[in-house]
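Both complexes shown next keep subunit A, but they swap its partner, so subunit B is in the first and subunit C is in the second.
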Partner chain A sequence: MQAATKVTQRWTTTVSGSSVAILTFSGDISSASKDLILGAYHALDGTAAKVLLDFRGVEYINSSGIAIIIQMLLEAGKSGSHAFGIFGLSPHFQKVFTMVGINKYATLYSDESAAVAAL
Partner chain B sequence: MNQWNGQHRHKICAQFLHSERLRGHCIIALLTLVIAGLSALSCRAQIAAPPTLVIDGLGKGTAPLDGLWQFHLGDDPAWASPTLDDRTGHSGWEQIAADKPWGSQGHLAYAGYAWYRYHLRLSPAPGASPEFSLLIPRIEDVYEIYWNGARIARHGEMPPNPSFPFAEPPQTFSLGQARDGVLAVRVWKQPLVSFDSGQQGGFFALPKVGSPEAIAGELAKSNYRWLHSHQYFFGEAALTALVSMLALIGWLRNRDQKALLWMSVFSGAWVLTVILVDLRLPLSFDFALGWLQPVLGLRDVGLWFLLVWLLQLSGNRRVVRFTAALAVVMMATSSLDGLLSAVNLSSPAAAHFVQVTDALLTAIFTLAELYAPVLVVLGLRQRLDPARWMVAIFAFLSQMIFVVRIALSQGSRFTHWKIAEQIDLPLITINGNPFNISTIFRLFLLISIIYAVFRHTREAILRQQAVEQDLRGAQELQRVLIPNSLPPLPGFSLTSAYTPAQEVGGDFFQIIPLENDSSGSTLVVLGDVSGKGLRAAMAVSLIVGAIRTLAEFTTRPAELLAGLNRRLHGRLRGGFVTCLVLRLDSDGRCVIANAGHPAPFLNHQEIAVPGSLPLGLIPVAAYEETTVHLEAGDHFVLYTDGLLEARTPTGELFGFERLRELFTSHPNAAQATEAALRFGQQDDITVLTLTRLAIGEESFTQLTAPEPAPV
Partner chain C sequence: MKSGSFVQVRLPSELGYEKVAMSTAASMASLMGFSTDRIEDLKTAVAEACINAIEHGNQLNDSLAVGVVLSSTADQLEVKVIDDGSGVRDLPTVPDIDRKVLGEEGPRGMGMFLIQGLVDEAEWHQGPPGKSFVRLVIRLDKEGQ
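Right after this comes the complex of A and B.
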């Protein structure tokens, strides 16, 4: 039943001209996705000051999946290298992300254009 | 067999009457080799007349066409004629025996056309069948049989589009009522391939004549002898096929057991070679050889990866990458080599191209075959159990002897090395079944596989017992950690339900009546450790201990969470714990602090508690408190995300909206859990309900928890 996680990376530019890396997730996010997600984040390797996480293709995130997202945000927070934004979450997971305090480390946006405009 | 010197005629008793049954008939086959009168006179001359084989009074026996046949390289349709002057020395005719190929009789490495001729005089015994038949054990490669100039049979297709079987049983042909005449056999041998020794071409064993019944009997006897001498071999092939299939099934059940996959490939490839080469199936030479090459390549690749996994070299990325690259080279060259067999070799240009390409490709994959010993040397550094070593060593040895045999036969027509033939010689023969060094190594391999399976099974059983022991321990632990009775809670009725998704779950709750200054108040703690099983249970034991200790020093939920966070930080190996703590006072006041846990519901409204990180992620965290007042009849529900995120098989979530609807009817904990179970349980589900009672209403508690599963 569990769909395999996929992560792709693309780039866009804000109005002010700074580039934004967008990590697009799809499938389910669980403990099995750990290496893939953290690997994709580490692959950015400080090249992007602004990172957006696109969850439009994600149907389900279990508690281990949430732990991975938090771990990534905490790592970024420690190094102070990235500003994070999140968009494309279903209302259910917007609520769950707020519940576990992710919104304190990354702003949740309704869609990509709002996220790019705000970053 | 019987030698003829051209001056004697002799009669011999039929020594070919093998069977006891036939002996009683006292049949004499008169074998007389005569020289016609004229040729007797010319015996001093250089040109000798061809011999005539007289087979007289042949009843139920058969006679081998031994002695010397007239033989000529090349091709001429006139050579079928009974009146042809084929005297030895005349127009290039010579004499040669039919019990071995022309390659070992002065025509080494000759390929192409050649003719055999023999003058026969046949007469049946009185009362016996007037017909005669011919048994040909083996001729390489295509042949036509003529009797007195007329073609009576053909086996395979002659050029320009030659085709012939790879390996098959002896063939029989009817000679009709043949009496006196010339038996001529036209043969075409295809150009030599890389492993041909050159000692090939034409007859490999003596043909025989006899009545159709006697020849049919001879054929049956020969086939039976073949089958009898292959009893062990076919038994071994069937067992190996079984090993290959079971290994494949084992791997399909557990894809991490890569050694099983490669064991299946390695043993399966050998079974395929048996099917292509040894079963005497009616497969064409081109088809069998075309497939044999990639199958042999696959066996090598199977061995390499089997060694990589058995010798635990799979952790070495360079080894794995190099093995994969070499596997690609091996499969590409051996498949190309196989494709060469589709080329028509009857044209000299094509034959030359094929020979050169074949030699080049063969050289590449023969070199690649040296890789297996390299892997064994790399494996020497590993500490492995004897079963692994046995399988690795015998797989290696049996393949190496196979490879060495083929490698040494390459170009043997130039090297004249006989080692390949010596490898094939039987060391012992048991009940007619020859055992050569290859057979013996393969037998040891089979035994070592069976030993490894036995050992593995025994270890698996021991491991399973250890796991069951651990699980029993964890269940014992959990029984201590999850309350098996609830303390009375004055002014409230309390229900709880705990349904782990596995035998041991990661949800926990504690109800701690407070004493001294806070007497009459109760701490309720509900939480969820990310992950399941024994590791989650161990984290739960740490947490419950910490909560119990902390509750002796503070009754404030936020402080309790902060203290718990400090104690858990760095101890959860990347995991986390969501936790909700509330203090319930007897007057209905309820103070809530939350660490990343789903907020509780009051009646059907979710209580707005601020979101915060779960426990254990950052060294220092502060939590906020929220206070609500519970009035009589209020229904208060705490739950873990297993309830919220129950999922249907199609992936639909239970979700907040369904929760709200569920809580509208004020279900008890067991009823709420039941709704989620019907939807589809994914994770541990824990539900606690508290109902504030009106004054005078009797307090009650109800606990639902699973019985520990028998282990």
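Right after this comes the complex of A and C.
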């Protein structure tokens, strides 16, 4: 009885002209979301040096969902391919992501414009 | 809400139903006057406790239920999450994000750590089937949050 996850992909460009892929999540992020989220990440196929994860539409995320983000960071580290940023987390989940240390590998930004400006 | 209120919920051992316990705990905490951020802490802790009970305690066995018992006093809300497993032997450890990102340990295994970090008390009790439980407590602070 897990609510559906949705992932959409879009692109933007930094001031310096670098392309940034944005994966926008909505719904719930839990163990059931793994194939969809990692599939969306794999579909980027090394075409973006910078990836932003947009959590504005996420209603619920649990530790299994956080583990999927860690899996993404693991894969990025192995391929040496992406710089990650995260925006749209509620203050509570900013705290949770910081507790588990994700902010060491993916900077947490207040919003999309701050994230794109910093990349 | 009067002090000493008691609510009990029984969840199927199916992932997703932790949200029912989470919503119930949030409603009770709201009635008691907890702040929004403390309610968010409680929601995550209760959800993680229920996920552990569903996945590890009851092994996703749909013939077993997870019990959630919420009890309030004047200054605290206690939540017990009860399953049919043998209980947790090891206390939570701090996740090592470096080892996780390097693939030296699995990406999961953060639930107990989050529970412990988000509530005022967290205890894991081992027992016979139907008697193992985790007990969580959040307290109203003296500023009357």
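The rule is simple: the second predicted complex is superposed on the first by the 117 of 119 C-alpha atoms of A that agree within 3 Å, B and C clash if a C-alpha of one lies under 4 Å from a C-alpha of the other, contacts with A are read in each partner's own complex, and residues count from 1 in each chain.
Please note the rule applied: contacts are C-beta pairs under 8 Å (C-beta built on N, C-alpha and C of every residue); 3 or more make two chains touch, one makes a residue touch a chain.
Predicted model, so just to flag it, every value in this text is computed and none were measured.
Chemist: Give one of first, second, both or neither to describe whether A:L89 is in contact with subunit B, with subunit C, with both, or with none.
Modeler: Once the two structures are laid over each other on A, A:L89 reaches no partner at all.
Chemist: Once the structures are superposed on A, label A:A115 by its partner contacts, choosing first (subunit B), second (subunit C), both or neither.
Modeler: neither
Chemist: Quick check on the superposed pair: does A:N62 touch subunit B, subunit C, both, or neither? Answer first, second, both or neither.
Modeler: Touch partners of A:N62: subunit B and subunit C.
Chemist: Touch test for A:S31: subunit B only (first), subunit C only (second), both, or neither?
Modeler: both
Chemist: On the A-aligned overlay, A:T98 touches which partner chain: subunit B = first, subunit C = second, or both, or neither?
Modeler: A:T98 contacts subunit B only, not subunit C.
Chemist: Find the residues of subunit A that appear in the contact set with subunit B and again in the contact set with subunit C.
Modeler: 1, 3, 31, 60, 62-64, 66-67, 70-71, 74, 92, 96, 99-102, 104
Chemist: Please output the residues of subunit A touching subunit C within their complex, sorted ascending.
Modeler: It is residues 1-3, 30-32, 60, 62-64, 66-68, 70-71, 73-74, 77-78, 90-92, 96, 99-102, 104-105 of subunit A that touch subunit C.
Chemist: What does subunit B use to touch subunit A in their complex?
Modeler: Against subunit A, subunit B makes touches at 528, 530-531, 574-576, 578, 596-599, 611-614, 617-618, 641, 645, 647, 649, 651, 653, 655-656, 682-683.
Chemist: For subunit A, which residues are in contact with subunit B within the complex?
Modeler: Subunit A reaches subunit B through residues 1, 3, 31, 34, 59-60, 62-64, 66-67, 70-71, 74, 92, 95-96, 98-104.
Chemist: Which stretch or stretches of subunit C touch subunit A in the complex?
Modeler: Interface residues on the subunit C side: 14-19, 37, 40-41, 44, 47-48, 51, 95-98, 100-103, 106-108, 110-111, 113-114, 117-118.
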